[in-house]
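Chain naming follows the written order as A, B, C and D, and within any one chain the residues start at number 1.
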Amino acid sequence: MLKEIVARCEELAFDLSFSRAREWKSQGKNRVVVGHLPVYFPREIIHAANGLAVGILGGGDRKLIIRGDAYYQSYICHIPRSIIELAIDKHFAGFDGFIFPSICDVMRNLSGMFQMMGEGKFVKYLDLPQNFQSHIGGTFYRYELQTVLNEVYKLNGIEVTPERLNHSIKLFNINRTLIRQLYDIRQEFPWKMTAADLYHIVRAGYVIPVEEHNEILESVVRLVMEERGDPMDKIRVLVMGAFCEQPPVGLIRTIELAGCYIVEDDFLLGARWIQGDIDTGSTDPLESITSAYLEKSTFSSSVYDIGNPKEVRLLNLIRQRKVDGVIFAAPSFCDPALLDHPILQKECNDKNVRFISFLYSENTGQFKVIKEQVGTFSDSIKLWDEPVLKANL
Amino acid sequence: MAKEVAKERSMIIQKEMITGHFKELGAAKETGKKVVYTFVPGNISELILSFGMLPVYPELNALQSGMRKKSGDYIRDAEQHGHSEDVCTYVKCDVGMMLNGNIGPTGEKIPKPDLLLLSYTGCFTFLKWFETLERLYPGVPVALLHTPYQEAHKITPEMTAYMVKQLKEEVIPKMEQVSGNKYDEEKLKSILRNSSKVEDFIVKIFDTTKHRPSPIDAYFAGVYYIGPINSGFRGTPEAVDYYAELYKEILTRIDKKLGPITPEGEMEEERFRLVVEGPPNWTHFREFWKLFYDMGAVIVASSYTKVGGVYDMGFRVNPDKPLESLAEYCMNCYTNLNLQQRVELLSKCITDYQADGFLVNSIKSCNSFSAGQLMIMQQLERKLEIPTGFIESDLVDPRYFSYSNIKNRLESFFQMLEQRKMILTRQ
Amino acid sequence: MEKNIFTFGVDVGSSIIKAVLMSYSDNPFIIDKETEKIRKRNPGMVADQLIDQVLERNNIKYSDITYLATTGEGEMLQRKRGHFYSMTTHAKGGVFLNPGSLTVVDMGALYVRAIKINELGRVLDYKMTGQCASGSGQFIENISRYLGLAIEDVGATSLKSVTPETPSGICSVLAETDVINMVSRGISTPDIIKGIHLSIANKVVKLLSSLKATSPVALTGGMAMNIGMIQAVEELIQESKLNLEIRANADSIYAGAIGAALWGGFRHFKLTS
Amino acid sequence: MKKYFLGIDLGSTTSKAIIIDDRDTIIGRGITNTRANYTVATEIARLEAIYNARFSILKMKLEDEIESKPEYKKYIKDVEAVFQYLQFKRRLDRLNVQFRDTIEETFSGEKRENISGYITRIVKEIGPSILDEYLNGSLGQKNQFFRDIVSEKYNKEVNLLSKEYFEPMMLVYDKSITHVENELTEYNFRELVYQSMELLNDKYAQIDESAPDETGVGFDGELNLLKGNYKHIYDSLKEHISFVSNLDIHISNMVGTGYGRALLPFPEKSIRSEILCHAFGAHAVFPNTRTVLDIGGQDTKAIQVDSHGLVTSFYMNDRCAAGCGRYLGYIADEFSISLNELGPLAIEATHEVNICSTCTVFAAAEIRELLNVGQKRSDILAGLHRAIVMRAMSLLARSGGVRNEFTFTGGVARNQAVLKYVSELVLKNYGNDIKINVHTDSIFMGALGGAMFARRSN
């Protein structure tokens, strides 16, 4: 039963023609489908405007790159070229608009390329504020969100009332809670479900209506609790750096095959960006969404961490999830992720947290070297009987 | 060896300005002057000056290290400290320089920052850079000025308001606190008045490439010409003098129908006129330049000279609205323009200055420039039917400058332009 | 530990298979060892033959072996009891061969792996080369073949160099063209070989410095049998002022197999205790 | 006097020479591998092109006879084949001498004796079998080089020996071959061609003596025409051959290009970028060409040209030679087959194995691994070929995509499997109506372009 759900989720998650979204759009009037790129976008507002916000996470290893290379030099990460390839091959046909949250220069410029290529009816680069004061950054963020809503309004004429928006927020609160529960289960019983399965389940939520995803998540939570599974002699790791370009599933599997349980990760960070619930009782729910962004965001390479250093937050996570070591896995040429690593790794060093790091790209197919490194990492923690130095944290 | 070329007066002035600046920095500890680290694109130097503080530009340090062939070692050191091979080498070069005692180009030690002014325009790496610096200089206050991107091809009032608010409530209070001086709007206005004069000169100078032969090279020499506006002198009277002098010199060259000055003297014959997109390589700057002037190629416009501000589309600071002006200046920098705007700007350059070819120097480090360049190139090729060339190198990482590869590509590019001229004139 | 047991380590490399028979106890020692080139045969088959050959030579039956451990690409061997990852085994083997080493560098046919360990032999950190084969033993093999040198003679030839000539790029394939070019320019064979060694050593030293390796450094793997390589590494270490002492051992190529045999013994006692 | 123009393409793997006349017609081709000294390689290619030109001129002169009398055609073809063999034979003799020297300085005692004996046997074996392949097989058309031909035979023989002699025997070969490749063996055309004719006469004499129904295997109908007739042909050809042997093939101008062009002893104005030459050559042969893909030994170039054959943009790999021709060479080595057998084997595949690294050095290891997990040879080969093409597709995209018509050049275009994948992917991604051109002379496009530039700037 669980197997079937996971299989279905895998199919959905990697359905690069986004058939469920298209189907959904055709099933009602005035529906819009809006693609959004990594990392975080408040999908609630599109939901409230009778829309479906579909996460675009690249083509992974399932899309052959032929013309995408015409747009990017070899020293730029992989995800934008697979997205361009998808666009050229009309995978986004029927999408009404695209939102590019500001995370890096590559994504930013990709938004310009979408504009020049005339993709969708609107292309919005969403400038997430780096100022976290509500009357400065907050005001600007509201203005940015309003711009998105105006674009959608132009398309379907649907007024987003506070009631509608509050309802949408509620659904997404449930979604976030259920995902959190799954992570908590895996944190305690990582053998009950593989990291790859969890990944598929969460990723499916990027491309289907939240109502349906919530149903899936509910059954999964129930079924996973019933799973037995045998605990194996593996170390517990946290994987860090993959917030935008996704690692190939083979990589996630390789890590777990080579003696690790992934108990925390930032693979699909957007779905878990807001930590906790967003207020659903306000008469100005846009303000609730804004203040959730300002106050409840997780940490990520795309946000300057003034006054809230990311290394401290990472350490908290390590403690919470009781991990034995950290795997820094980042996409090749991803400046944001890679420039964070020295900072985070220094902290790990200082606090005696074991870590390794390597690079991947979404279509990496050869995991031999990675397997050897991860295997040695797990060996090095397991074979030598010293207790892992958690006490130092 | 290059023969010694008589220095023009403007060069001497510039050299004095720069030397003076580093002297002042070197003496900052004694004089008690506060030091602000900030970046070139979207540099609000006028504001820094109005508080009597001294700006330091880590990128320019990196650039200088590159030119002095130190960057290779610095980068290696930074990589030893955990930085990836894949990321922007400006950052690594700066980190490496710090690890090696922070000695500036004139041999004087660059003082530690009293304030990290992160006005990050057109590039996310600046954010990461300052996160790194913040940890290298623990306790130094950070003022962040977020410049919204011109995503909708324009600057909206909300964007300006957001920036002005940040200036007023984030940046200025921090500057007051660090410098111990109050914000003096009149002083700022008077500095800005100089800036607007400088801006006029800049536009006129880079417009002289209209002439045939072009009296200047707008890339290789251009990067020297923008030195003063990019290194904190924009609002100073020295800058006004410098640019007045420079403009005068160029006018004389035009009268005499002289081509650009190269490190080996005047360029004899102008054979190709190019527009170049992308920053130059600094580690092999001379060799790189030589590849061009040896072939009689002169750059009549380049986007790189617009990173520190775009003025040829009409923007000027308005001393009467100082903060709004600064905000708009930031939002107007080249890499803060969206791709469509970049294409328009470049095609204007190509047509206005009658270029024969368009060349991209794609910099491995710089996603801000590089991501999208290929599409820009395609668009220009299609729109203007101009021959395009493409080379790759890096700003300051000598490992990514392959002389033979670049030479091979440039040779082919020039032969292609020549062949084209030959055939087209024959018809 | 009550008695000595036999353990066997098999390191299936990309071109050479290494087998070591050990007596494992508190003072483990090597009983016998052997290598065999794969030379386009099935590695599994070659390894099996090699195991039998060593057993036969020592009058030992397979059933007398308490633990047969594989490393490298040896996971497919039917007769293994356990498999360990290359860096784990090279660390162990490297220290066994060069006691007191705090860093082990395995220089093999395709990859270079640098492993940092503490006094207890525990792996602390490591780095290995990835998708690009510049700096691999295979590269030396290719070049020496072109120059008509037996791999055993490469090291000695390199030592004769006076003014080494390094290839310009990093790519091994393009470097081959460079070498051809050098030959036609009349550069001497020792100078070419030395240049190649230096360019590989450069990669090794880069790994060492990015790992912040601690001295002494043990070199293992096939390339550590190459005296020219050892010298090139030493020269570059000196040049980059890393202050690392280099050690190598005549049995370097067996380090992985030795490590596997040792870990096999360790696991056996851990599992049975 | 007639004017001729020479183009030299000093590539990373092969050196090519083309001679054209003043109407751009190709009259001579020469090719050799660039394993050797660059100057030697250039000379070999140039001389070969001149020999080839003499034969071309001969054929042009005798055009009418050849049209009307197939035996003439056959005879000339045979002469050419034997001519090639004789060149080969001279180098083989030279190699044999080198073998002796190498053995002398490397081995001693019994080992020396044995190895020396083996070598004698092998050399004896190779000579006649090669002659047979030249005469009765199609070795002449296979575009194989001395090293490849010899090493194929040599390896086969060595594999028959006992295992302990494998390494020493390989060493003898490796040590000797480079010397021979680095030497220029000059031939006198006239002498060699007469020698060829004598040899042929001996052969034909045997046919004459054979009974009418005894013209067994390998003796085809064409050959039969020569029966009883060859003496006559010989006599009438002799004069013409003497004429072309003495003909002064005057090269009025030449242009050098290719990877090693900077090392050519040419004045600077006679050196052209290989990108322009390839494009110009391809465009000359197929005037509607708009996109050119050239895959050579260690670089791949994607070039866009306009209607005049002028390059408008191009893109090439550098720094990394993954996925170029040399890669195929290593693969052929690993599978112990010759380069031109790779493609046909790959085409037999039922599916393509996914190949992750096209790094030349890793190729062998990856293949071994795949063979071990039970993948079929042909499927692996198919995957490898496809991987190369994927890289080329990426460069094509960067250069501006594929425009009609598309011309595929360079040595790798001779490989049918690569061609198959290129066609498939180009048609699928850039439109089914794209016309794809490949020419039998595709490896010579750079040299041809060079020769054409030479003519134009004369």
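We adopt the following convention: a contact is a pair of C-beta atoms (placed from the backbone, for glycine too) under 8 Å apart; a residue touches a chain by one contact, two chains touch by 3 or more.
Nothing here was measured: the structure is a model prediction, and the numbers come from that model.
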Inset, instruction - Return the chains common to the contact lists of chain B and chain D. - result: A, C
Inset, instruction - Would you mind checking which pair of chains has the most C-beta pairs in contact? - result: A-B
Legend entry - Averaged-CA centre spacing for the pair chain D and chain A, given as whole angstrom: 54
Legend entry - Whole-Å separation of chain centres (CA-atom averages), chain B against chain C: 49
Inset, instruction - Averaged over CA atoms, how far is the centre of chain A from the centre of chain C? Could you give it in whole Å? - result: 41
Inset, instruction - Averaging only over C-alpha atoms, locate the centres of chain A and chain B and give their separation in whole Å. - result: 36
Legend entry - chain B, residues touching no fewer than two other chains: 374, 378, 402
Legend entry - Contacts with 2+ other chains: residues of chain C: 131, 169
Legend entry - Set of chain D residues in contact with two or more other chains: 319, 357, 398, 400
Inset, instruction - Name the graph shape formed by the protein chains and their touching pairs; answer line, ring, star, complete or other. - result: complete
Inset, instruction - Report the residues of chain D in contact with chain B in the complex, numbered from low to high. - result: 272-276, 308, 310-316, 318-319, 398, 400
Legend entry - Residue ranges of chain A touching chain D (in the complex, touch as defined): 64-70, 364-366
Inset, instruction - State the interface residues of chain B toward chain C in the complex, per the touch definition above. - result: 76, 79-80, 402, 404
Inset, instruction - Write out the stretch or stretches of chain A touching chain B in their complex. - result: 70-73, 75-76, 80, 102-106, 108-113, 115-116, 124-125, 127, 129-131, 133, 135-137, 139-140, 143, 301-302, 304-306, 330, 332-336, 338-343, 345-346, 359
Inset, instruction - State the interface residues of chain C toward chain A in the complex, per the touch definition above. - result: 84-88, 111, 115, 120-126, 128, 130-131, 263, 266
